[in-house]
Structure formats: structure tokens, C-alpha cells
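I am attaching a structure below and will ask some questions about it afterwards.
We call the chains A, B, C, D, E and F, going by the order they appear; numbering starts again at 1 in every chain.
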Amino acid sequence: MQMSDRISSGVKGLNQMLDGGFIPGTTALVSGQAGSGKTTFAMQFIYDGAKNGERGLFITLEQDKDKLIADMAAVGMNIPKVKNVTIIGGSVGEIMRFRKLVKAKLEDFLDEIQEVVCQSKSKRVVIDSINLFLMLFEAEEDKRFALLQLTSMLNRLGCTVMLTCETQENLAMSWYGFEEFVVDDVITLMNVKMDHYFKHALSVRKMRGSAHDKSIVSYEITPKGLVVYPDDVVIPG
Amino acid sequence: MQMSDRISSGVKGLNQMLDGGFIPGTTALVSGQAGSGKTTFAMQFIYDGAKNGERGLFITLEQDKDKLIADMAAVGMNIPKVKNVTIIGGSVGEIMRFRKLVKAKLEDFLDEIQEVVCQSKSKRVVIDSINLFLMLFEAEEDKRFALLQLTSMLNRLGCTVMLTCETQENLAMSWYGFEEFVVDDVITLMNVKMDHYFKHALSVRKMRGSAHDKSIVSYEITPKGLVVYPDDVVIPG
Amino acid sequence: MQMSDRISSGVKGLNQMLDGGFIPGTTALVSGQAGSGKTTFAMQFIYDGAKNGERGLFITLEQDKDKLIADMAAVGMNIPKVKNVTIIGGSVGEIMRFRKLVKAKLEDFLDEIQEVVCQSKSKRVVIDSINLFLMLFEAEEDKRFALLQLTSMLNRLGCTVMLTCETQENLAMSWYGFEEFVVDDVITLMNVKMDHYFKHALSVRKMRGSAHDKSIVSYEITPKGLVVYPDDVVIPG
Amino acid sequence: MQMSDRISSGVKGLNQMLDGGFIPGTTALVSGQAGSGKTTFAMQFIYDGAKNGERGLFITLEQDKDKLIADMAAVGMNIPKVKNVTIIGGSVGEIMRFRKLVKAKLEDFLDEIQEVVCQSKSKRVVIDSINLFLMLFEAEEDKRFALLQLTSMLNRLGCTVMLTCETQENLAMSWYGFEEFVVDDVITLMNVKMDHYFKHALSVRKMRGSAHDKSIVSYEITPKGLVVYPDDVVIPG
Amino acid sequence: MQMSDRISSGVKGLNQMLDGGFIPGTTALVSGQAGSGKTTFAMQFIYDGAKNGERGLFITLEQDKDKLIADMAAVGMNIPKVKNVTIIGGSVGEIMRFRKLVKAKLEDFLDEIQEVVCQSKSKRVVIDSINLFLMLFEAEEDKRFALLQLTSMLNRLGCTVMLTCETQENLAMSWYGFEEFVVDDVITLMNVKMDHYFKHALSVRKMRGSAHDKSIVSYEITPKGLVVYPDDVVIPG
Amino acid sequence: MQMSDRISSGVKGLNQMLDGGFIPGTTALVSGQAGSGKTTFAMQFIYDGAKNGERGLFITLEQDKDKLIADMAAVGMNIPKVKNVTIIGGSVGEIMRFRKLVKAKLEDFLDEIQEVVCQSKSKRVVIDSINLFLMLFEAEEDKRFALLQLTSMLNRLGCTVMLTCETQENLAMSWYGFEEFVVDDVITLMNVKMDHYFKHALSVRKMRGSAHDKSIVSYEITPKGLVVYPDDVVIPG
């Protein structure tokens, strides 16, 4: 955690809103409804590092690995070509194993993740999405403590972490309502209903230890990935 | 999943909003309130393939098979005449057997569906509706994992899947609030209350790995089935 | 279910909104708040058939039979004079017996209803209201499956069925939120709060296998029963 | 139930809204928030009969009998002077006995009430309030069935019944949301928040077997009891 | 309960809204959000009596006795100097004892309170706040019956009672939604959000056996306690 | 508690809204959504005392101690340089020990905190955040009583206490809805959504035993910490 330079988000137009990028060793929450581009956002974060030689780990808890790679190709990321990306999870069998592991003993799951991080020498880690992980615990207190243990462990390993989080409403920062308090940064992706269409909008809602832009601005999912337009402010209904 | 052409939705006016149609091997969720035409929509998807020699499987979890065929005739689909459509479910006895199967061991139910898909050589599969399937599981986590297993299995078999989903509110994408995160595409059908009447409106809310139209446009249920008017935008209240 | 003519609703002004009437062998849900005239509506459906020689069965799950007959006389229906109407339920003792029957074994209750339908040779059946029946099951899944079994059985016997359903809000189609998906047609009765009074309004929200009017129009409860004014559109608040 | 004349409500200005008064042998629900005058309303109903020689029974489930009589004196009713009013309930001891009775066996409680009605030869019966009675049952189904049994028994004895019902919101007809479906008539008392003060307003929401005024009109609690102003319409916010 | 004069509220400007003051032997509920001055209000009621030789009992269920006295000094009440005020509760130990007492046997707690009232010869009693008392019972029915027993006992001893009640929203009369039905009078204290500041407002919502002002008026917490401005009406948002 | 001078909040511009500062020996609640700067606010309170030789204890229940110190450096506080600040909690291990302690026996946890306070001779104590502490108790009553015991103990030791509290909505004073009633002062931090950006706003909602400003004013998180602008009023939507 002695690193001083910011970590680029990998999303064009966003870094300037983050005062340069993420602070190394911190955890960001990227939350949004279905169709807001959370997975693309998170993969851009990993891809950006990988292109510059920084190894990244993408843990997908639900999406098929092949489909994921195909989807990402459609938004300009050639994952197989980049050497530095490790993808784990994805197949139903693997997810089922994770479920059992977490439910039996959270520590064993954390140990396994830690081992993967160390072996892959990853400096950037994504968990897509955190909902599926939190769903495995019943009491809210256990969910929260599990999230704390997970992010704490990853940050202590020196990783900069991005968690995607599904939400139900545009202004909500998370699903359960506590995730935003555990992490360092919160970026919300919104599907703003304009009169007769939906428009993508983004806002940096929280950033510990840093100034940040407080505007609500538009973004698009283009063939080259998410692009943020920091000067195109949006007024949500 | 090596197919590259898009799969037509079978709904006039919609394909252009989907950038050509569905991506083969993906799952779409079609959600809407009662009276929005979900069943008609889903059958058009099957019917469209069948007319072109692509076999389809329609799994109805509640509606009587004869009634279903009669209803579809009223919107221009002569199911008995088309050879390539398999319909299963429908009778109370068959549904009761499904219930027992799913509750006893989900895997057995999935195996049976897989067998029907393979025997019927179906490339398009509809489940109408997914609510009844999800209702069989108690914990939200189990509901979600069951949905993942089901869609995962069908997509891996190479099927393009359409799930109908009942909703309570116009802007809601699903019943439980998580279904939209598991699938690849989400299309919402709305009964928009205009001043003194209800109007049908549709929106593509999510489409993984593809650009798509974000407008809210009108559609009608005509004697020739659902017709979408991509240029007639609607402003929901 | 080979009948081809439509079944008149018995409510003046409504048939034209239903494209002629109900489709034989289907189930309609008539939902509304207290004071909206659901019972009168349903009895008009039975009475209309009875006057034309078509036998009808009215199952009341709560209201006293004598009171019901007296109430109906006030809205122009002389039930005792018409020969073809069978009314069951109503007395506390009879309801208590139904409760026990349903809770012990739903099938026994369904068998009893089937027997009454067959013996009375009823072609139109009303259950007023469905809330009391659904209340007897705990899990939502059991409620829904029971409703499916009941309507399925009655429709297969060739009966055209009308279920009344209590609601809490004007735009709601049902109490539990799933009833509208099980039935073929949904008609909602509203008590629209105008500035300083309440006005009756009606809307056909769903009709499987048929075109229908989508307007929200006014109706009145007159000494001659419910009368719908299809041209007097109402704008609910 | 062969009586043909209407029963006066005892509230000045209200009978004309009820098409003359209540239908003998029916049950009315008078619902409203705290401070809306439900108890005064209900006592006026009893007092009106008593002054004209018709015996009345007032069952209070919470309020002290002496306090009740004192409160009523302040709104112009001299209960002790009128011979025909029986008041039961009220003391903590008596309420506690009722609680035990109802919880042990509802039938015993109903028998006791029936005996009091018969011995006192009451033709009008008030239960103030029904909330406390319904609170004693856990399942909604049991609440509803108990209410049905109670009103059914009283109406069969020839009594015209008035139940007061506490509500939380102005437009709500009841506390639990089902009471209005069990009774014959519903009158809601509202505390309408005007700009900077609260105003009393009343509306007849339901009346089985009778036409009725659908306006929302003002009323006042005067030294001579509740007075309704049928021509002073109120627009609730 | 033979007293005929009204009991002053002790709050300047309020008595005229109460038609002179509280009726002896009744119970008033003073409800409001945090920061609305409920404790100050209630102590003024006790202090007003004490200054005129009428003994008062203040039962605080949470606040430290010393802090309470210091707080009250800041709003112009020199409690130690006035002889007739008894304060019980307050210390954590004492509260813990109350908790055990109530949970073990409510009657024992009521007996203890009765004894304190009799020994201190108190004619005015405050419980600040009732929330903590009600929280000790699980079922709503038990909460309500306990409140009835408590107020009933105190009023029968001839005490005029004031209960403070915490609320979450401005227009709410209580926390659980039933307290207002058990008591005789309800006064709500509001923190009305004006454009860019909060303003205190008060309204008498219910007063059994008495006329009362129905306006919503402003009040302030001054160095001399709460002062009500009956002519400064407030329009809550 | 014999101290008479006010305790500075450490936040520029705020003291004048608090009539000079906090009253010694009281407890303030600082509540706000994620990103509102609660931790910074609370540390400024400790830092302000420490710079003036008054020892402070900062109990963090979730955030890593090193990260916390780094974050605070970014807003102008050089914690390591100031001698008088004790920070406990933070590491996952320490938090896990707290959890076990509290769950096993709250008194043991309180004893440990008391010991730390006494040994460190702290006069200012912060708990950041109280949510994590309250989450450990199941029943609302237990949560509330635990909070009372904790604040009571700290105030009796002569400490002036600040608790941070996470909230979900801007106008909410707390998470559970009762915290604001237990403490002496409440300050809410809001993220007010202006048209197309978020703005920080603050309001003093409650202050026992003191006059206070009731405005809603803006504040910023600057490189020198939180700065309140008492004259820049904000109108929340």
C-alpha cells in the first residue's frame, strides 16, 4: 500500500472524475441495474491493466466463461490475446463447488481465492457480481462481515479490487444497502428513463481519501467498450 | 455456439431494435403484466423458427395445451399445421408431475428437459412462464441457482432460449428482481395507462454482447400476432 | 369447447368491449374494491344465462343466501322466479364444512364441486369470491396451483367461469398478484376518486385469444343492475 | 329480516345519503383514524333507537364505561337517562375475561354475546372497535372467518349492527383490508389535512342492496353530536 | 374523576387550543420525532402542577436523571427547587430492573407504579417515553393490552396522564399505529421541513369529550420552555 | 459533568450552529449515507481535541487502521504526529474478537471499552460506525438497550461521545429509526441530488438542553477536512 500513483479505471473519460483513477489497494463498488454494463466496465478495468503488463483476476460467479469472452469481444476486448488475464468461475460445476465451500467454511474459500491471487500474481481483482457471494449468508451481519473479510484480504495482498453489484433502483448504491459502507469507492450506473427512451448515466458517489467529481454524466456502451462523457450532465427523473 | 447469424424474434418490427435478432445460444427474458401478450410473443418466436424448418420446444407450465393452440389460432398461428413445434406441459397432471420432480431433485427435471430437447432436436426453447418454475424453490439463492442451471444447460445444448416472466409493475424487469441478471437479454412489455385507456409499449432493456435500440415504442396484438412499431415512441407515466 | 358463439356477460354495454362476449370454456376474473359491485356483476352473468335457459351455478363463500337474494332483488334480479340458478355456500355451517374439506384434501372439494356442476347441468359458474378460497392455502405456490386446478376442472367440464376477486387498489388486478396470470380474462372495477366524490369505472385488462377494448369507461349500479357506458371514458387519478 | 323500513343512523344529515337509512338486519362498518369520532357516531346510532323505544347494545372493548358515558354527555347524549341502552365491556377485568374466552373457544364468546342480545332484547348492536376483537386471531383467514361468524349470528338474530374500525390512512376502509368485504355497508370518516388545519370528511363507500350518495362531504363533532353536511363537499389531498 | 376544572398543559399558548386544558383523569399522547421537544413538553406539564402545589411523577425510561435535570434547567425549569416532583427511572440499573419486572409479570410492575403514585400522592403522571415500555411485549395485541392496563390503572387512581411517543414521520400519531386509539387525547409535534430549514409545528389531533382547535400551528423551544403560537398556522409539505 | 464550556466539534463553521459546540458529557449522532464524510467528520472531532491536548479514542469497527490513517492524511489530518489519539478496532481479527465478546456477554465488551477509556484517559470518544455494533443484537429492544448502556457508560465516565450512523435516505436520522431517541444530539449529513449533481448538506436535527440552528446548509470535503458553510442554505428535493 506504499504505491502512490493512481490506477486507471480503463474507462475512457472516467479517470478525470476520479481525480486520476483509483487509489491502489482500495476497493470500488460498481453498481447498476441489468443492462447497465457492469460486466463490461469491470472487464475494462482488468483489460486496461493487462494491456500494460499488470496481471488481473476476473472472478465470475454466474456467467459462462466462453460467453463472457464472446460478449467482451463485441465491446472491443480480445481477452484470449491478452496474456495477463485469469478468469475463474463461470461453469455451473465450479459455482456449485464455491457454494459448498463458502457455506461450509468461509475461510477455506478465502484461502483458495488468496492462493489464486498469489499464483496468478494479480494486482487487479474483479468479483462479478458480489450479490451471488452475499446471497450465501443468511443474517445481514454475516453478509457484511463476509464482505469485509473478502475485501480486507484482497486489499492487504496489495490488490486493487472492483466489485460489481446489482441494484433495483437507479439511485440505489447497492442491493442490500450496506455494501457501500464497506468499500472505499462507489460508482453507480443508471438507466435513466428519459421521456421515451432509456439513457445511461453514471455518478461517483463515494471515494475515500480523495476528491472526486459529483456530477451525474452520460456514458455509452460502444463497440470499443464503455465511454464516459464527463461534460454531458444528465438530470435523472 | 459457433453460429454467427442472428436469430429472428419472429415479431414484426422488433428485429431491427435487436440489431438483427437474438444471438444464437443466448437466453432472453420477456417480461410483462397480465394481458401484455407474453405467450403470443413467445409462440411467435417458436413459430417463426418452425416455419423455416428450425425445430422448437414450447414448455407451458400452466396453460391447457388445447386452449393454448386455440388462443394462438386467434392471433394467426396455425400450430397443428406446422410440423416442427413440440409443446409439453399444460395438463394439470403433467404439471403436478413436474412439481414433484423439481422438488425431489432438480437434476432429474433438468435431465428430462434435456432429453426432450435432444429427441425433438429443438433449437429454440420457450418456458412460459418462469414464475411457476421459480416458485418451487424457497430461498432466493436456490431460485437463482436453479434458473442459472436451467438456462446454462439449454444454452450449452446450443438452444436459443426465451423465458416469459410475469411482473407487477410496468418498469419492473422481473418478478423476484434477480431474473434479469441471470439472462442475456431483457425485453419488457408494458401496459401503459394513458389518460383513459391502456396502451401496449415495449423496450429492450438489456442485450449482452450487442448494441440495441433503447427507445420505448408501441406494439399491438393483431390478428396476425404482435407487431412492434419501432418509430412510434411512447412516454410511460 | 367446440362452441363457437360468444357468451354474453349479462352486463349492458360490456359485450361490445369484449368483442361480443366471453369465449365459451374460459375463465374471467372480475376484480374490484369493496362497493364496486362485483357480486351484482357476477350474478348478472348467471342471471343472463338463466333467463335464456342456460343453467348457472353461483358459489358464494361468505354471503348469506337469503341476504344475497334480497340484495339482488334491489338491482332488478328476481332469482327465485328464474328456475335455472343454483346457489350453494352462504351459511356459516356450509362454509365451515368447505374449509375443512379444502384443508383436508383439495381433491375432495373439487370432486364435490364437479358433482354439483354435473347434477345441476350448469354451463356458467361463479365463485364469489376467490379470496376466501385462496386464503385457505399458505404457500403462494399452493394458492396458485389450487386456482389452476379449480379453473382447469371447470373449464374442462365445458363451463364458462367467472371469479370475483377483492382488491385493495384501483389499478390492481387481484389480491395476491398472481390470479390474473392464471385466468383468461381480467376485468377490473374501480372506485375512482374524482375531486369530491367516487365514480365507478371499468376496464378490460386481459382477454386471451381475442381482441378487446382497452378504454377505461364509466359504469353505474342502477335498479336494473350494472350498466356500462363504453363511450364515457374516465381518467383515473 | 322481514322488516321493510330503513333504520335511521341517528346522525343528522346522513340518512339522506343512505337512501333513508340502514337496511334492517345488515352490518355497517364505520372506519376512521383516531379523533374522527367513531365512538360518538356509533353511540348516536344506539341512542337514536333508544330514544324511540328500540333497545340497543353497545359493546366497548377498550374504553372505561364511566368515561364513555361522560364523553358522550359532552356531545349531547344523556345515556343514563335513556332506559334502553345496555353497555358491556369496558373494565380491564371484563376485557381480560373476553380475551380468554375468545382465545379458548370463539363459540363460547359468540354464545355469550347472543345471550346478552336476547336477554336485553336489543335490535341495534355496536362493537367498538372491531380491531381489538380481530387482533385476538393470528391467521388472516381466522380473523375473517371470526368476523363473518359474529356478524352472521347478530344479523340472523334480527339485529342491525354497526362496527367501528380503526384505520391508518384516510382513504383506507379498514385496518386489515378485508373487513369491508365482509360487511354490507362501509362509511369512512376522514381527517383531511387542508393547508394548515384538519377537517372532518365522510363518505359512504359501499352499501349492499341500495343506492347511495357517493360524495365526500364534511361533518363536525358538535355539542349535539356528529352532524353531516351533505352539501358541503370536500376535496381530500 | 369528580373534578370539573380543566388541567393546564403548562405550555404557553396551548390551553386555548384544548378548550381550557386537559380533562382530569384522562390520558394524553404527545408524539413527535427526535428533537421535537417531547421531554420538555412533558416536564412542563409536571412542573406547572408542581408550582401550584399539585404533586407530579415523571417516569423516565431511558434518560439519565441528572442529565434530565440539567437539560430542563436550560429550558427554564428548576426541578430541584420545586418540591413536588418525583422522578423515577433513568439509571441503567433501574431500567434493567423494570425490564425484568415487566417481562416476568406485568402486574408486578403495575403494582409498583401504583405504589409510587400513592406514596408520592401524584396527581399528574408522565411516562417518557411509552415506546420503551411497549417494546417489551412481542405481540401487538399484548402491547396494546399492556398500554390499556397502564393508563386505565393510572386514570382510575385519579391521575391525569401524559405519555410521550416517538414517531418516524411528521403526520404519524404514534410508533406502532394503535397508541392513539387507546388514549383520550393526541397532540403531535412536527419537524416540518420548510424550504431550507426545519420548523416546529403542533396539532391537536384527538380530544375525547371536548371540542378542540384543529389548526396546525408553530411552536418554539425557548429558554423558558415550549411556547405555542396558536395564530401562526403552518403548512406542512 | 460539572464542566461548563462547550466542546468544539472540530468542524469549521459548525460550532456556531451548535450554540458554541457540544455540551460536555453528551452523545452526538452523526448520520449520513455512504460518501457523506462521516468518518472524516468524526476524526476531526477527535483531532481537534488532540491538537489541544485533550486525549481521544477512535473505535473503528470496520475500516483498516492503516487505510484510515492514510485517508485522513488526504483530508489534512496527520494522525501519527498527534500524540493524543488512540485508535482501536480495524483489523479483521480484532473485529472478530469484539463480535464474540459482545455476543457472549455485552458487559464484558463494555468493561473492555471502559478500561481502554480509563487507561488512555480519553475525554472524547468516537464509535465509527454504530451500525456494526447494533447489528450484533437481534431484537430491536436489545439493540436499543445496548446502545443506551454504551452511551450511558461513556457519558458517566465524563466522555463526550460521537457516534457515526449509516443511513439509507437523506432525511433519515438513523438506520433503525430509534438511535436518534437515545442520543442527545443529531446531525444529519445529506447527499442532496440537485439537478445533475450531488451536493453535501448538513442539518442539526436535535440538541438536548441547548438552542441550535435549524437551517439546512451546505458543506464540502476539502483537503483540510469538512467545512460547513452556515450561510449557504440548501433546498433538498
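One rule holds for everything that comes next: contacts are C-beta pairs under 8 Å (C-beta built on N, C-alpha and C of every residue); 3 or more make two chains touch, one makes a residue touch a chain.
Everything quoted here is computed from the prediction, not taken from an experiment.
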item	value
Other chains in touch with both chain B and chain E	none
Interface numbering overlap (same over half, different under half) for chain B and chain C	different
Longest centre-to-centre distance from chain C, chain (CA-based)	F
Copy-to-copy rotation for chain E and chain F - C-alpha atoms, rounded to a multiple of 5°	60
Rounded Å distance, chain A centre to chain D centre (Cα mean)	59
Rounded Å distance, chain A centre to chain B centre (Cα mean)	30
Centre-of-Cα separation between chain F and chain D, whole angstrom	52
Of all residues in chain D, the ones touching two or more other chains	none
Chain contact topology (line, ring, star, complete or other)	ring
Touch list for chain D against partner chain C, complex	1, 25-26, 140-141, 144-145, 148-149, 152-153, 155-156, 171, 173, 177-178, 180-182, 184, 186, 203, 205-211, 214-217, 233-236
Contact footprint of chain F on chain E as seen in their complex	33-35, 39, 62, 64, 66-67, 70-75, 92, 95, 99, 129, 131-132, 135-136, 166, 168, 191, 193, 195-199, 221, 223
